[in-house]
Amino acid sequence: MNERLQHVSQDRLINETNIREILIEMVTKWEFILILLFLGVIIFFSNASPYFLDYFNMMNTTFNFMEKAIMALPMIFAIMCGDIDISIASTLALSSFGMGLASSMGAGTPEIVIIGLSIGIVAGVFNGLLVTGLKIPAIAVTLGSQSLFRGISQAFLEDKAFTKYPESFGYFGQGYVGDSLIPFELVLFLVLAVIMGFLLHKTAYGRKVYAIGNSSTAARFSGVSVNRIRFTNLVLNGLFAGIAAVLLTSRIGSTRPNIAVGWDMEAITLVVLGGVSIIGGKGNIFGVIIAVFLLGYLKFGMGLLNFSAKSMIITTGFLLIAAVLIPEMLNTVKAKRKLRKQQG
Amino acid sequence: MSKTILQLKDIAKYFPGIKALDKVDFTIRTGEVHALIGENGAGKSTLVKIMTGVYQPTKGKILMENGEVQFKTSHDAQAAGVVAIHQEASMFSELTVTENIFMGHHMRKKSGILDWKAMREHTSELLGRMELDINPDTLIKNLGTAQRHMVEIAKALSVDAQLVIMDEPTSALSLKEVDELYKIIRQLKEQGKAIVFISHKFDEIFAICDYFTVFRDGQYIGEGKVKESTVDDIVKMMVGRSLNQMFPKKEANIGEKILEIKNLSLPGYFKDVSFTLHKGEILGFFGLVGAGRSEVMRTVFGIDKKSEGTILLNGKEIHISSPRVAMSHGIAYVPEDRQQQGAILEMSLSHNITLPQIDRLSKFGILRKDSEKTVTEEFGNKMEIKAANWKVNANTLSGGNQQKVVLAKWLATNPEILILDEPTKGIDVATKAAVHEFVSEMASSGLAVILVSSEMPEILGMADRTVVMHEGRVSRVFSREEANSDNMILAATGHEEGTL
Amino acid sequence: MKNRIEKILQNRELNLGFLIFILLIIVTIRAPKFLELSNVERIVNDTAILIMVASGQLLVILTGGIDLSVGSTIAFSGMAASMMNQYYPGIPVYLVLLSGILIGTALGAFNGVCVAFGKIPPVITTLGTMSIFRGLTFVMSKGQWVTAHEMTESFMNIPKGRFFLIPNLTAWAILICIIMFYFIRYTRHGREIYAIGGNKTAAHFVGVSEKKVNFMVFTILGALCGLAGVMWTARYAAAVNETAAGFELQTVAACVLGGVSMAGGAGALTGVIMGSLFLGIINNALPVVNLSPFYQMAIQGFVVLTAIVANVLMEQRNEKQLLNRRRQ
Amino acid sequence: AGQNEAETSKDLKIVLLVKSLGNGFFEAVADGGVQAAEELGGIESIYMGPSASTAEGQIEIIETLIAQRVDGIAISANDPDALIPVTKKAMKAGIRVISFDSNINVGGREVALAPSESALIGAQQVRLIAELTDYKGKIGIVSATSQATNQNEWIDYMYEAMKDPAYKDMEIVEVVYGDDAADKSYREAVGLFKKYPDLAGIISPTTIGILASAKAIEDEGLKGKVQLTGLGLPSEMQHYIENGTCGQMALWNPVDLGYSATYILARLISGEVEGKTGDKIDAGKMGTITIGENGNSIMGEPFVFNKENIADFASIF
């Protein structure tokens, strides 16, 4: 603290150098709750099933949720800015269709990937233009493009499927790094997570995202080009949906219009569980990463114990609510304690 | 004859991290206009919220005629005859005037369903009494700023209250409305009601108030009769020291023309606005609230898109398509609405201050904490912001301190042209003087300043030249010599056609 | 003059009505039978459930929230009511209907409690309960369906039959709309919804309780979902676990088309009704116009998007006109 | 299940992985699996399925099954191709994989147990509707989703069968998709009535589709005018069969299906058969099942239900 700040006469401030205060401060952090839950899951299931705490399994099961996790990353940015994109799964389907078409016309792996990503970007641009250009709420736009994108691939693909992909294309969704047991998808996710985390927390872009999330008006008055950033966010969502399309298509080696149905909500669930505020302005990348593995390994564990899929979605639902409720309650308690302390 | 209507005993209000109020005693009597005075952050608004049941006191009790009362919600307060016009804008912009006035206490038929007809009539009657020409069915969002604030006042009057509290009611009113407000206050007084009047403008306090109580840092300092005191006494109580002069205008050495605006128009807001700005000059913009000055400035800053007109910087035409472009040309704009446009309330002070130049403060788009820190501290301290530290969110600061944050963040960009829109709105005397001193310093060091203000003394005290606007048009431009309150009012009310 | 323009500006419904008109023309050109009275009647009847639920979704969106769990709530209460009817055919059908509504109300209240008292943002709450309620439906039914022969005639007749010429389902929708209109326009609670959505601080200042309003809107929507659940299962004489999957987005779309602001505070029931009808028309038109069924989804998306865009453009035009009229 | 990990671990784990949970047909399949497991002994029959009928959901489950090292998986696939990579992985991990009901394409399983020959099913469906509409008139088809593999296959064979001169006065006018949702199927059925006022009959080879179509026919007062057949569960269709809305419909016995699938897997695991073409598998009460060209094997003719026999079966499945 510096000399000017002394202006707030000391007796009026309550200083927080108390170790217990700091502890409580930490405990009420959302990420902390998530980590606890995560450890809980690990411990419980490693006791419940002999197959859980197995290196190969632990690695291998990540195949199940990496595409969703990747789509969740740019969603953080959109949701932070008060937008949302519920068309990403359909974007995935559209770009998967594009890749199938290309490969059926004899394109090689590089071309296929490029086409997949480009279609993702185009879809993102489409959403972005409508949202920022015409000032239509993102949820409204993507509600429409959700049917449009998937609809297009269905219109062309009808009841047929693309099943011919080059051998090498299989690597993205099925391959392992070198001769290790680490899936390529997992590594790719971690790399992208680091990049996006850096973008969000260490760059001017990220700072502006926070600003917009808290008050887009004030941000605009501060010279932040709000629309450009919201546009970029939506394009990123398209691009990452394209990446996910490459991975998933490669993993299942085929394309149908109904690929990845309902994944928009699953990606959004990850973001929300990760503590990103739907009202905008709050959240960080770590929370989401923890959420990804928390949910992923929870599902894996329950699967090992042959829990029915329905009990899994019920658990997910409660988890979602609990993850918000617990810190919320702890915070109230904390605030109460503080006030009591002030009153001495 | 005047009896105590409401009494606060040893009131305290703590917020996590700060004691907004502590050991406060406060007594309000009927038939009296009681001024509540204090620096920004003194705790005035907090007190208001306690008296109206918006906040519950941490300690202490509220007494009325028949013993202690507890206001759980503002309903309870209303029922006990206490209403307030709050400092924060509290209108529902998507709803009609009628509804805004009756929200919270709708009139109902015997059957229990809402009686819109009655409410509508009551509203137009009320507006009529306040000599406001507003259709009760208009949506608030289609009203001018001033009109909105008058509706807020009407809202308070719509309840038959014993005690009416006004927290900086004039901050967005122009003289015409202020006079209207005075009339209303006198009426209330005659009806034997009590009024608490919060303002940072001494002319108002001396014009309308009988009694005053001074707060500092959340504590009761003293009270007295307005007639028996001078501005200096009160200021001493407020600030703890007496102030050097209010408008420390430095002798301006006007340089060459830097900015020239030609026939700027924005449909619905202003038309054919032309003026010039020189280096080292303070160009005042006067007018009634709603005259469109903000819109002109917003257009110059690239927030609103002009429909016609040209903007020349140093003689060259420039096309300002966005605030970024404007900033790249060295233009900075301190907006009038600090809550919505100025500060980002949920962000830390330091992030607020560095936001406009965040790109410049980062390398290859990567943030540089150190340079952020230096900027924050340099300008934060210059503006004497009162806060626990630079990490607290802007919304925990009092109105005035928030405004200082906004000023700091724009001064930090070292602009060549600084546009100030109502920079001292809701700012206490001490800060005000500081801001003025600061502005004239900047000007004398060659900065070109545009000062939009609805406060006559400020304009007269600070401006080298003054553009007066009326209904979206420039009605006249005054030099410092010819400017005086009378002819400026005439121009502002459109009685005198301007000569450019 | 100015006021008249403001009026136009205020009722987006006009624009939507115009769009519906165009849509009808296009469809009728392709399938002339579409405008037969009987068919129009069926379309309205088929849209009735959407109208009921969307009008409840309106309340939630007005507060600035959203309810993604409506589909699951419908499924659960529908399944519960049907099973009640299956295992206790003796229970008079109006009691079954009532308990369906009550169950929906309970589920809605649960959402309400989480949002109002747990301070959990609506999206999160309902994203969670969307899965929870759906899962519980399955648990309750043990994965089995309840179908025609397990339902009593009187149960299946709830939505069937006519009430003075009007099909029951439609009659119910009309009743709901009337109540809703009255509630929104002529009761304090109705207005307080707009207050919360419009400006929370201001609402707080005038003593409007955010908790109360939030709890209220979710509970009401829950009740409507309960009713819809019974109607749904009775109408199709089948209570399955996937009932109304994805229906939540339909209700949101109806509101969006109806010009309801997703930010809260602005929106009208008439808009939502027309929005619902718009969707209802598409849903019923697509099967009858001669198009490859594979085009349906794309066309649906395209039409909805076009409608939203057109809606916005028309509004922006009105906005401009209003400004140009001012200060000239 | 996991709770009694210890004492079941020595049992063979055989999983019946179905399209999705919450469907009477597959619940019945599960029963069959349990029956077979009890007969054979030393087998734990596990019933699993995703919450919605998606290939991705099934893949997730198969991954965890690989991790568990179960002994055999019988899959009713949501997608004939999408599962191939993961089932290959499973087979590489030493798990025996077969598909039943809705099959995986060659390479993704060892044996594909078709409830009956698709050609047979298609032909039978046409015959059933023909008998109801006495061999003339327009026929519409209300299918599941446009991606549903086996429905699409059967429909192809229906077109095939129509080529038979016996059906020269009949034509399939359109195939619509109810996406296995009651409301959409209902709307599509009504759409057919509107488009073809002289529609003679509807074939709906999917359980929810036939239910919704029956309801639509009833509500539109077309009972007797528009005939209905398809593939439906007796327990679900009893009402409409008995009141004549649906004259007759067919289905194989899902219990037998689960039963046979379990038997085949058990035999594969025990090594009694390798699953080569021509192998004969002793499937308990189902007699012997012969493995034909690239692993395809047939259980038998779909069973026809009508007023007379529906009640007896409704209680079973």
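Note that the chains are named A, B, C and D in the order they appear, and that numbering of residues resets to 1 at the start of each chain.
The working rule: a contact is a pair of C-beta atoms (placed from the backbone, for glycine too) under 8 Å apart; a residue touches a chain by one contact, two chains touch by 3 or more.
Just so it is clear, the structure is predicted and the values come from calculations on it, not from any experiment.
A.B. asks: Measuring between Cα centroids, which chain is at the maximum distance from chain B?
C.D. replies: Checked the centroid distances; the maximum from chain B is D.
A.B. asks: Any idea how many Å lie between the Cα centroids of chain C and chain D?
C.D. replies: Inter-chain centre distance comes to 35 Å.
A.B. asks: If you average the CA atoms of chain A and of chain C, how far apart do the two points sit, in angstrom?
C.D. replies: 29
A.B. asks: Using mean CA coordinates as chain centres, what's the chain A-chain B distance in Å?
C.D. replies: Comparing mean C-alpha positions, chain B is 42 Å from chain A.
A.B. asks: Indicate the residues of chain D shared as contacts by at least two other chains.
C.D. replies: If we look for residues of chain D contacting two or more partner chains, we find 21-22, 51-52, 146.
A.B. asks: Could you list the positions in chain B whose residues touch two or more of the other chains?
C.D. replies: Answer for chain B, listing residues that touch two or more other chains: there are none.
A.B. asks: When you check chain C against every other chain, which residues touch at least two of them?
C.D. replies: Residue numbers touching two or more other chains: 134-135, 138, 294.
A.B. asks: Each pair of chains that touch: what are they?
C.D. replies: A-B, A-C, A-D, B-C, C-D
A.B. asks: Help me check something: in the complex, which residues belonging to chain C touch chain B?
C.D. replies: Listed in rising order, the residues of chain C that touch chain B are 3, 6, 10, 182, 185-188, 191-192, 194-195, 198-199, 201-209, 261, 265-266, 320, 322-328.
A.B. asks: Taking the touch rule as given, give the residues of chain A at its contact with chain D in the complex, in rising order.
C.D. replies: Those residues of chain A that touch chain D are 48-51, 54, 56-57, 60-61, 63-64, 154, 158-159, 161, 163, 170, 173-174, 248, 251-254, 256-263, 299-300, 303-310, 312-313.
A.B. asks: Within the complex, which stretch of chain A touches chain C?
C.D. replies: It comes out as residues 86, 130, 134-137, 139-141, 143-152, 154-155, 157-159, 265, 268-269, 272, 277-279, 310-311, 313-314, 316-321, 324-325, 328.
A.B. asks: Which stretch or stretches of chain C touch chain D in the complex?
C.D. replies: Answer in residue numbers: 31, 33, 39, 42, 46, 134-135, 138, 141-145, 147-149, 160, 232, 236-238, 240-245, 283-284, 286-288, 290, 293-294.
A.B. asks: Which of the residues in chain B come into contact with chain A in the complex?
C.D. replies: For this pair, the touching residues of chain B are 14, 16-19, 22, 58-59, 217-218, 303, 322-324, 326-327, 333, 335, 340-347, 351, 355-356, 358-359, 361-362, 365-367, 377, 380-381, 384-390, 409.
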